[in-house]
Structures are given as C-alpha cells and as structure tokens.
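In what follows, subunit A forms one complex with subunit B and a second complex with subunit C.
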Partner chain A sequence: MLEAAISGLVQIMSPGAFGLMMIGIIIGMVVGILPGLGGPVALALMLPFTFGMTPIETFCFLLSTLVVTTTAGGITSILFGIPGEATAAAIVLDGHPMAKAGEAGRAIGAMLMASLMGALIGAVLIVLAIPIIRPVVLAFGPPEFLMLALVGLTFIAILSDGSMLKGLIMASAGILISLVGLDPQTSVPRYTFGMLEMWDGIGIVPIVIGLFGGPQILELMLSKKSISTRKAAGSTSGILKGFADAFIHWKTVVQAGLIGAGVGVVPGVGGSVAQFIAYGHAKQSSREPEKFGKGSIEGLLAASGNNNAKDGGSLIPMISFGLPGSVSTTIVLTAFLIVGIDPGPAMLTEHLDVTFSMIWVTIIANVIVLLITIPIIAPLSRLTMVSGPLLAPFLLALVVLGSYANSNSLFDVWVMLVAAAVGVICQRFRWPVVPLLLGLVLGDICERYFFLSQALFGWDWVTRPIVMGFGALMALIFFRAGLQSWKTFKNKRAVQ
Partner chain B sequence: MFQYNDAAGSGKFQSSACAAAILSAVAILPGAVSAQTDCSFFSGQTVELVVPFNPGGGFDAYGRLVAKYMGPILGADSMIVRNQPGAGGMLATNQTWAADPDGLMLQVMSTSGMLTAELGGAAGVGFESAEFSWIGRVSGEPDVVAVGFGSDIASPEAIQAISAERPVRIGSSGVGDIDYIEAQILTKVFDLDSNIVVGFSGAPEVYSSLARGELDLFTSSYSGARQAAAAESASILWLFDDNADPDFPDLTPIGEYLEGDNLALVKAHADLVAGGRAIAGPPGIPEDRLTCLRDAFDATVVDEAFLAESAEINRPVAPISGADLQETIVSLTGNVPQDYADLLIESYSN
Partner chain C sequence: MTSDTDSTGGRVDAYAEWIITLAVLGIMSTAFLAARSWPPDAAMFPMVLSGLAIGLLILKLVFMVMAALVPPPATTEETPAADEADGGGDLDEPPPGAFATANGRAWGEALLCLVIFFTVLSLFGIVVTLVVFGIGYLKIVGHRSLIFGVIYVGVLMGAVHLLFVQLLSLPLPEGILFP
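Take a look at the complex of A and B:
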C-alpha cells in the first residue's frame, strides 16, 4: 500500500499532472466564489478537456476543481452572507457576522485551515477504509440511509435558534416543498400545477441563494452602508489568528471532519446536510452555544471542517462500487469511462496508485488554495467596506445569474426570488431558515428510502443493527437537547 | 429493428453508411455538405443543439461531440449545446416540438424514452415522435438483464423457482421508466410473481442494491451493466432482445426462451430501445434545409477526427441516417403490437 501511496504522490507531482491541478484549482476558485455557479456545471464543462489525458492527469484536473469549489464557496459566504455553493450555507451563519464585525480576514483564515484539516481527515478515513471498503459500503442499504436522514432531521431541535415551534413549522414547510415533483413511487406529478419545470422538484441551489442572499442584498440597499466599517478586516494578523483558531479548536474541526466524511460515504445525503449536522453537533457540544449564529468561531470551524472531509468520504462508494454520492461525483464517474478505468475492486489492487493520487489531490489542492488565497484575503476583505448601493446591484446580478445557471431555466430565478422574499420575512420576524433547508433536502430522502425499505424488507428493516444504532443516537440527541433547554430554563429562573 | 453499430451488417444501415461516406468524400468542405442542395442558409448562422438532460452524462457527451464536428461541416458559424433538463427530458422535447422549424434548433433525443411515453399515453407528452424532423441516430446499445454478482440465477427456471416461493424482486428507477417497462415484460413473459421495487435514484443505486443481495433482477443499458459487472456488483445474464446480436456474441437473447406473443412483445420493445440517442428538429423543417442537416450529420459520423474522438472518450457511435430513422419511427409508432401498447398504457396509467 505504501508503494502505491508514494507512486500516486510522485505521479501527481509530475509537471503535466501538477500543471493541470493548478488550472483546476483556479477554475475551482472562480466557480466557488461566484454564487450559484456550482461545481457540477464546471466539472461537466471541463470533461471534454480531459480527452487524451492519462487517468491521473484527469483526476488531478477534475478533483482539484471539485475540492477547491467547495472551499472557495465559503469565501462568498463569509464576505457577503450569500453561499458560493449550496454546501457552504452553514458557513454564512457565523462567518458573515464575523465579517460584519470586521473580522473577515480571521474568518477566511479559519475557514481555509479548517477545510484543509477536514480534507486530511477525509483522506485518512479513505486510507483506513481501503481494506474494508466494500463490506462497509455494502452494510448501508435504504434503511440505514433513511435513519441517517432522520438523524439529520433531529438536528432541527438544535438549529431552531431557541424557538422549537418555529423550527418545526419551518422544517414542515421544507418537507412540504420537498413533496413537489414526481412521486418517487408512482411517478404521479404532485403539486406541479401542470408545469413540467416542477416535475423534478424545487432545486436546492436557488432556494439556498434566495434564502440567504435576499436579506443580505436588501439590507445593503436599505442601510446604504458597507458590510463592515472596520479597516482591519483583512489584516495579516487577523488571518494568522484565523489559522490559530482552527488549531485551538481542533476537537471541533476533527469532529466536524468525521461527521462530514461519515455522511459523505452515504450516497445521496450529501454536503448540503452534512454541514448542518456538523454545525448542530458543534453547537450542542459547545460551552458557548448562545454565540452560535452571532459570529461563533466554533460554528464557523464546524461548518468549514466538514466540507472537504465529505468530498473524501464520497470517494469511497464511487471508487469501490461506481456509486456516485452527488451530482459532482456522478461527473467524476463519467471521467472513469473516458479514461477507460472501471470503479470496483481493481481500484483497490491494480489501480491503487490512481486511488491514492485521488486522495493526494484532495489534500494538496487544499494546501495550494490556502497558500494562494493568503495574499488575496486582504483585498477580498476590503470588498466588505464597499458601500452597499455600489455592491448590491453586483450581488443581485450574481445571484440571478447563479440561479439561472443551475438548470438554464428562468423558473429557477423565480424560485430564487420567492425564496429571497421568504428569507427577508424570516429575518424580519426572527424565524430560522436552516430547518426549512433541512426539511427540503431530507424530506425527499426520507420518503424515498422509507418506501424502498418497506418494499425490500417490510417492517423487518427496523430490527437491523445499524438502524437500531442510529435510533439510539437520535434518542441521545433528543435527550441532550432536552437537557440543554432545561438548564437554560433553570438558569433564566435563577436569574429572575 | 435498428442495428447498434456499423459492424452489425444490416443491409439498411450499410446503405446509409455508404451514402454518408460518399457524401463526406465529396462534401467535407464547410458549407458544402450536399452536391445538390444549396446550404448557404446555414452560413454565418448559429445552430442550437439542445441536450434534454444535465451536463456530464451520456446525452451531453454525444451532443457535444456531434456539435463540435457537425457545425463546421454544415457551414454554420457555430453549433452550440444548451442543456435544458426537466421532467426526464420531456420539458425540452415539448419545447423543441413547438419551436420554429427553421433548422436552427435541434435536439438530442432519448428516442426510446419518448416513444414509450407517447405510446403509453404518459402525462405531459405534447409531441408526436413520428412528426419530428429526424436528422440521424448517433448511438444505440441494447439493454441487458443483470443479476447480483455471484447470483445462482442462470435460467428462466431458476427465476420461476424463486417466484414459486416469494415475489421476484426487480429493481427500477421509477414507474414508466424503461427499466420499469422491462420489469413488467419479464414478469409477463416468464409468468412471474414479481415485486417491482421502484424509487431508486438511478441505475448505479439499483446496482448497489443488487450487490447487497436485496434484489434478484435488474435491466439496464449494456454499458451501465458492464460497469457494474466490472465493479463486481452484478453479472450480465441475458440480452434483452428477440435475436442474438453479432456485437455481443457471448450474450444469450431472452428471445431464445420465448415464442409466440411473448417473443413479439420482447421484439417490439427491443426495437424501440434500439432508437438510442438521435438528433431531431421540430416538425416541418423545409425539405432543403432538412437535406442539408441530414447530409451534414451523415458526413459527421464518418469523419475520421469525429470517430477518433468518440473512440478516445469511450462513446461508441452507431449511426443511422435520418431518412431511415424517420421511416422506422413512423413504422414503429404506426404498427405497435396490441400487447405491447397495452403494457405501456398500464405502465403509465397511474
């Protein structure tokens, strides 16, 4: 194995492969920073350029873009409060309040370092999993996926910003929206009002952009002020402080990384959920949960640390079974076809060096992105000092373009605008938007895997060991949330 | 039925390939695709090729490949690809149906999907396949029946033995999908008690379920099954066809176990599946422009650089000329066996 690991590293450091990785990184940064313009579209457009490349060159090119897109998405989340990628929404929650407080440099530094640490965790997990990779993937079927999604839903209790009732209502609204589209069991259109555009459901990308972007852009336009007024926004000391934060709170980052990698292994659940599970877990474990959502460094680190670990985790089912976990990995899977390699046991024997080269890319691309971002953090952070009326039209154009590019459809622009209006109302009346997102993503997964579990196993699926394990985990989460609420209640009474 | 590639040796296909080769020899220069027809209309124009699915998949790959080579041969200023996903391709297909038939908007068609949806009376269908202006088929491959890797199932009797004990579990992406229709056909022709398990996100997820031993059977395209077999998730059992295919000499067609109406049912479906991925425009493209487009397509699919690139990206082409394709689709939609039509209507009758 060591030989393959070294061979993989040597091959990606060859001038051709390394040069392609650099190009991939630059594309990834641009795509990641622009809201809505996502990794899948970029990867698909890059595919034709891989013709004639060796397998390792191809994966250097594509995977570097994939991981850097995820990382760079966080920059937009921090600076403007608009997620650059759907998977970088949780970064907004604490990263943007930090930027508003003049700590954009520190926030970006912390986000980059946590992303790198997350990538390392994901890589270590794949290496450890190599000997047992296939039995592990085979142990997870529809009942286990269902339970994982339900565990995700329990985090609504933690992510409701203090009002459980509002959180549950928002989550229910999300689940209702997830019902739009073809019924997965009967293929009958539900709540589509005769519009074919709605048959595939409501897209997560325009919803995320609208919910988060709407209130930010409106605030910029109405306040006529810049995002931040502090001049030290991107100072070098701030960046270094951000790096240090990631090491000081290493436990938070490691736990977020493990959650990201674990969720990444499960096809279909993906990063838009992993980030909130990691964030919710960090909030629940924190000694200062009240700071979450107001610029908590722990919240930012948890949201950043899971993203790249998730990408590493999602390579596991793809390499071992050709089972893509997300739209992006589906496109990487297409690249396997182009280079003439089949995912499967051969990736763990004959092509183990290719597997290792993929793992190395996830790490090295993040190191490079960290290095090349350092000099641009200061000028990027100064964007937070541009006056609102100047910045707002530019951001508005970006979010409209981003939501249109999602599926080349004006319908998605309308969805984004409606989501933006909802986002503004939610912010005005202090209703949490995260439960809505969780409900939207997980509602669909829960429905699909519940019916699949029933069709395959009847009610016997309930007694499967991993299912019962997840059930116990859910009980524990509820218990801890209840305990925390009770403590808060007791403290309030004591103060009164 | 359609043939899958140029090695198949069909008289019908060979004649069209020969014609295309001759055309390409005389008319490979930009803007001069036909010796007889004036194609100057396309000069300086932008031709749009709609791919009805997201970027990154097979339809997208073939669309981009054709656009890259066909645009210059046609003499167009550019031939651009636009992805318009939605409703399993129906959104784009309905839009193309209603588009201005000026020859400047074409679409990559999922021929089998649109034919089954139309014949089955699926909700949302706003087109008639036979009326489109067919430009030519790019690729086509047969579907196959797969079992779990290392499964004991090797004969119809083995499946029927399972059926006698419990419902045979057959995987499917969803009601009305090609794999669902094939699961219904298997149920009917082998007289099975089956449980068609729907709701998987796509073929890779069904194959992982097959690998876990949760399912007994699944049908998919040959390339999907081949990749699953390489990943040791599945084994390919039979060709979903009435007759043997010279391109897949090791695979037994299920037709070998069938006769009479059951054989006709499999044949009708295999003929439809062979429609593969094709290019078409809205109904009513003026005859001279249609000739230019068809000639350009025929010249594209024999172009050496085009073929080299298709081989390099492992996307084999199996062309059929537009005129032949049009004729076959008219015949398929006009003469569908009643059994098959009933089965399709049942598949979409939710």
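Take a look at the complex of A and C:
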C-alpha cells in the first residue's frame, strides 16, 4: 500500500500532471467564486478535454477543479452573502456577518484552513474505509437512506432560529417546492400550472442564490453603504487569526469533516445536506449556540470543514462500486470510463496507485489553493468596503448569470427573483430560510426512498435495526432541541 | 393586536406575521386540494405533507390568537407573545438593518431600479441591460461621472465575456426583442 501511495504521489508531481492540476485549480477557483456555476458545470465543461490524457492526468485535472470549486465557493458566500456554490450556503450564515463586522480576512482564512483540514479528513477516511466499506454501504437500502434524509430534516429543529414551529412550516414549504414537476412514480405533472419549464422541477441553484443573495443586494441598494465599514477587513493579522481559529476549534472542524465524509459516502444525499447537518450539530454542541447566525467562528468552521471532506467521502462508493454519490462524481465516473478504468475491486489492487493519486490530489489542490489565496485575501476583503451603488450592478450581474447557468433559461432567473422576494420577506420578518432550503433538498429524496421502502418491504422497513437506530437519533435531537427551547423560554420569563 | 413595528424596526411586525401565516395557509390548502385530483401514488405524499403543514399553521394561528387575547407582561422591550410561546423571539437580536430602517422613498427607488433591470433584461438580454442599467444606476444613484460608468461597465462586460463566453463557453441570457 505504501508503494502505491508513493507511486501515486510521484505520478501527480510529474510536470504534465502537475501542470494540469494547476489549470484545474485556476478553473475551479473561477467557477467556484462565480455564484451558480458549481462543480458539476465545471466538470462537464472540462470532460471533453480529458480525451487522450492518462488516468493520473485526468484525475489531476478533474478532481483539482472539483475540490477547488467547493472551497472557492465559500469566498463569495463570505464577502457578498451570495453562495458561490449550493454547498456553500451554510457558510453565508456566519461568514457574511463576520465580513459585515470587518472580519472578512479572518473569515476567509478560517474557511480555507477548515476546508483543507476537511480535505485531509476525507482523504484519511478513504484510505481507512476502502477495505471495509463494502459491507457498510451494502447494509444501506432505501429505508436507511430515507431515515438519513429524515435525520437531516430533524436538524430543522436546531436551525430554526429559536422558532421551531416556523422552521417546520418553512421546511414543509421547501418540501412542497421539491415536489414540483413530474411525479417519478406516475409521471403526473404536479404543481406545474401548465408550464413546461416546471416539469423538470425547480432548480436548487437559483433558489439558493435568490434566498441568500437577493436580500444582500437589496440591502446594499437600500442603505447605499458598503458591506463593512471597518478598516481591518483583510488585515494579515486577521487572516492569521482565521488560520489559528481552525486549530483552536479543531474539534468542531474534525466533527464537521467526519459528518461531511459520512454523508458524502451515502449516494444521492450530497453536500447541500451535509453542510446543514454539520452546522446544526456544531450549534447543538456549542457552548455559545446563541452566537450562531450572527458571526460565530464555530458556525463558519463547521460549515467549511465538511465541504471537502464530503468530496472525499463521495469518492468512496464510486471507487469501490462504481456508484456515484453526486452529480460531480457521476462525471468523474464518466472520466474513469473514458480513460479505460473500471471502478470496483480493481481500484484496490491493479489501480491502487490511481486511487492514491486521487487522494493526493484532494489534499495537494487544497494546499495550493490556500497558498494562492493568501496574497489575494486582503484585496478581496477590501471589496466589502466598496460602496453599495458600486457593488449593486456587479452583484446583480452575478446572480442573474449564476441563475441562468443552471439550465440556460430565463425561467431560472425568474425563480431566483421569486426566491429573492421570499428571502427578503423572511429576513425582514424573521422567518428562518434554512429549513426551507433543507426541505427543498431533502423532499425529493424522502419521497423517492419512502416509496421504494414501501414497495420493497411494506411497513416492515421500520423494524430494520439501522432504521431504528436513526429513529432513536432523531428522537434525541428533538428532545435536546426541545429542552433547549424550554430553558430559553423559562429564562426569558424569569427575566421579564 | 397592535403592530409593533417601531423606529428600530428590529421586532417582528405583528400584522406581517398574520399575513404571512394566512398566505402560507392559503398555499398549503390549495396544494392539498390540487393533490386530490391526482392518482393515489402521486397524491399521497403531497397530501400528507400539505395536511401536516395545515395542522402546523393552524397551531401557529392558535398561538397568535392566544397572544392577541392575553396581554403580554409589561417589559421595556415588547416581544410578540406568539413567537415567544413558540420558543422564539430573541431579546438580544440585532435590528434587521436596512429593511427595517429604510424609508418609503429608498424602498421605492430600489424597487424601481430592480423593476427596470429585470424588464430590460427580459426584453433586451444581459448585454444591453448591463450597459444601460450599469451606466444609468451609477450616474443617478451612485452619483458617478459618465466616464466612470462607461469604464465600470466596460470592465464588467469584459470580465463576463472572458469568463462565461471565452473560458466556459456558456451562453448569456438573451432578451425577447434583442437576442
């Protein structure tokens, strides 16, 4: 194994492979920073260029693009409150308030370091998991996937900004939106209002951009002030403090990384869910949960630490079984076939060096991103001090182009606009938007796996051991959240 | 029941709370009724979901009615009781910023700008929109010179063309009248 690890490292450090990795990193940074253009878009665009490359060169090129996209998405989230990636939405919650408070440099530094640590956790997990992952993944059937999605939904209780009832209502609305389109069982159009564009459902990207970005832009247009007025926005000491934060709160980062990698292993669930589970868990286990959503460094680290770990996790079923866990890994799987490699047991024997090269790429690409970004954190952070009227046309262009890129249709721009209006109303009148997003992501998964579970096992699926374990976990999460709400309520009464 | 919107704009507006709750109740009820006309397999999940949501919304309305009937204890900072009974309403919440403090003129100006932006976008596409809106917005709202606006838009258009068209080969939004 050590030989294969060294061989993988040597091969990716060859001039050709390393050069392609650098190109992938630059493309990944551009795509990641631009809202709406996610890893899948970048990979799909880059896939044709892999014809004629060796396997190692292919994965250097594609994987570096993928992991960097995930990391760079957090930069836009922090600076402008507009998620660069759907998987970077949770970073907005605490990263942008930090930028508003003049701590953009610290926030970007912490995000980058947490992402790197997350990538390391994901990589270590791949190495440890590959020999034993087969029985674990095979133990998961539709009922277990359903329960995992439901566990994700229970985090609504923690992510509802103190109002669980509102959170549940918003989550229901999110799930309802996820049902728009053709029903997967009967192909009946549901809630499409006779519009053909809605038959494919409503894309998550324009909704994420609208919900988070819309209110930020309108706020800038209303106030006509800069995002931050404090001069320390991107100071070197702030950046170093951000790096240090990731080490000081290493437990939060490691836990987020493990959650990201764990959820990443499960096919179909993805990073949009992992980020909120990691964030919710960090909030629940924090000594200062009241700071979450207002610029908590723990919240930012949890949201950042899971991203790259999730990418590592999603590589595990793909390498072991040829089972892609996300759209991005589906494209990487296509690249496997293009270069003539069959994923499966051979990846642990015949092509072990290729497997290790993938692991090395996820680590080295993140180290390079960190090094490249350090000199530009300060100028990037200064963007938060540009006046509102100067930023508004630029940000409007970003959100329109990002939404449009989802399916090259103006329909997505209108979806983004409606989501922006909802985001503004929610922010103004304090209705939580995160449960809506979580419901939107998980609604489709819940319905699909519920029907599969029913079709395969009837109601017997509820007695499966892993299902019952997840059920107990859900009960525990709700119990703790309820207890916390009750304590808060009692404290307020006592104060009054 | 009184509207508790005040100068800080930091607290939940009681009227808005009623309007939002009733609006979502209307949406969920419509969703429930719409699902009744579908085949059972397609209708089950939406009906269960919208039914649950209707239950939650009725519970919220009950809390709100109770809060309206029972006056909250006298405090210096008034907190809506319905939100409080739900475990919400953080006394330490910062004010929600420009949304609460902006006056009618600022709202009108910002919304008018957005209406113009998206109308021009749908008619003429992103290229014309960025040129017209960018220069106009910077001149009228940003109080910048025409030359500054032209340079700003030129740089923005150059970056958009380089990244989206040249590097990523992605199409730009086109308008109905001017593709």
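To be clear about the criterion, the second predicted complex is superposed on the first by the 493 of 496 C-alpha atoms of A that agree within 3 Å, B and C clash if a C-alpha of one lies under 4 Å from a C-alpha of the other, contacts with A are read in each partner's own complex, and residues count from 1 in each chain.
Everything that follows uses one rule, which is that contacts are C-beta pairs under 8 Å (C-beta built on N, C-alpha and C of every residue); 3 or more make two chains touch, one makes a residue touch a chain.
Everything numeric here is computed off the predicted structure, so don't read it as measured data.
For the composite obtained by superposing both complexes on subunit A, the positions of subunit B and subunit C are free of clash and fit together. Of the two partner chains, subunit B and subunit C are each touched by A:Phe451. Look at A:Asn408: by the touch rule set out above, it reaches both subunit B and subunit C.
When the shared chain is aligned, no partner comes close enough to touch A:Leu66: not subunit B, not subunit C.
When the two structures are aligned on the shared chain, A:Met117 is found in touch with neither subunit B nor subunit C. For subunit A, the partner touching the most residues, choosing from subunit B and subunit C, is C.
With both structures placed on the common chain, the touch criterion links A:Ala149 to neither subunit B nor subunit C. In the superposed model, A:Val400 makes contact with subunit C only, not with subunit B. By the document's definition of touching, both partners, subunit B and subunit C, reach A:Leu45.
For the superposed model, the angle subtended at the Cα centre of subunit A by subunit B and subunit C works out to 100 degrees in steps of 10. By the touch criterion stated above, A:Ile78 is placed in contact with neither subunit B nor subunit C. In the superposition on chain A, A:Ile377 makes contact with neither subunit B nor subunit C. No C-alpha atom of subunit B lies closer than 8 Å to any C-alpha atom of subunit C in the overlay.
Across the two superposed structures, the residue set of subunit A contacted by subunit B and also by subunit C is 41, 45, 185-186, 188, 408, 451.
In the complex of the two chains, the subunit A residues touching subunit B come out as 40-41, 43-45, 47-48, 51-52, 137-138, 141-142, 182, 184-189, 196-197, 199-200, 267-268, 317, 320-324, 327, 330-331, 333-334, 337-338, 340, 342-346, 407-409, 448, 451-452, 455-456. Of all the residues in subunit B, the ones that touch subunit A in their complex are 54-57, 60-61, 64, 82-88, 90-91, 94, 123-124, 169, 174-177, 195, 197-201, 204-205, 207-209, 211-212, 214-215, 223, 227-228, 230-233, 309, 312-314, 350.
Those residues of subunit A that touch subunit C in the complex are listed here as 27, 30-31, 34, 37, 41-42, 45, 160-166, 168-169, 172-173, 175-176, 179, 183, 185-186, 188, 190-191, 215, 218-219, 221-224, 290, 294, 387, 389-390, 392-394, 396-397, 400-401, 404-405, 408, 410, 413, 417, 424-425, 427-431, 443, 447, 450-451, 485-486, 488-489, 492, 495-496. Within the complex formed with subunit A, the subunit C residues making contact are 12-13, 16-17, 20, 24, 27-28, 31, 34-35, 38-39, 41-42, 45-46, 49-50, 52-53, 56-57, 59-60, 63, 73, 75, 79, 83-94, 96-100, 102, 106-107, 109-110, 113-114, 117-118, 121-122, 126, 130, 133-134, 137-138, 141-144, 152-153, 156, 160, 163-164, 167-173.
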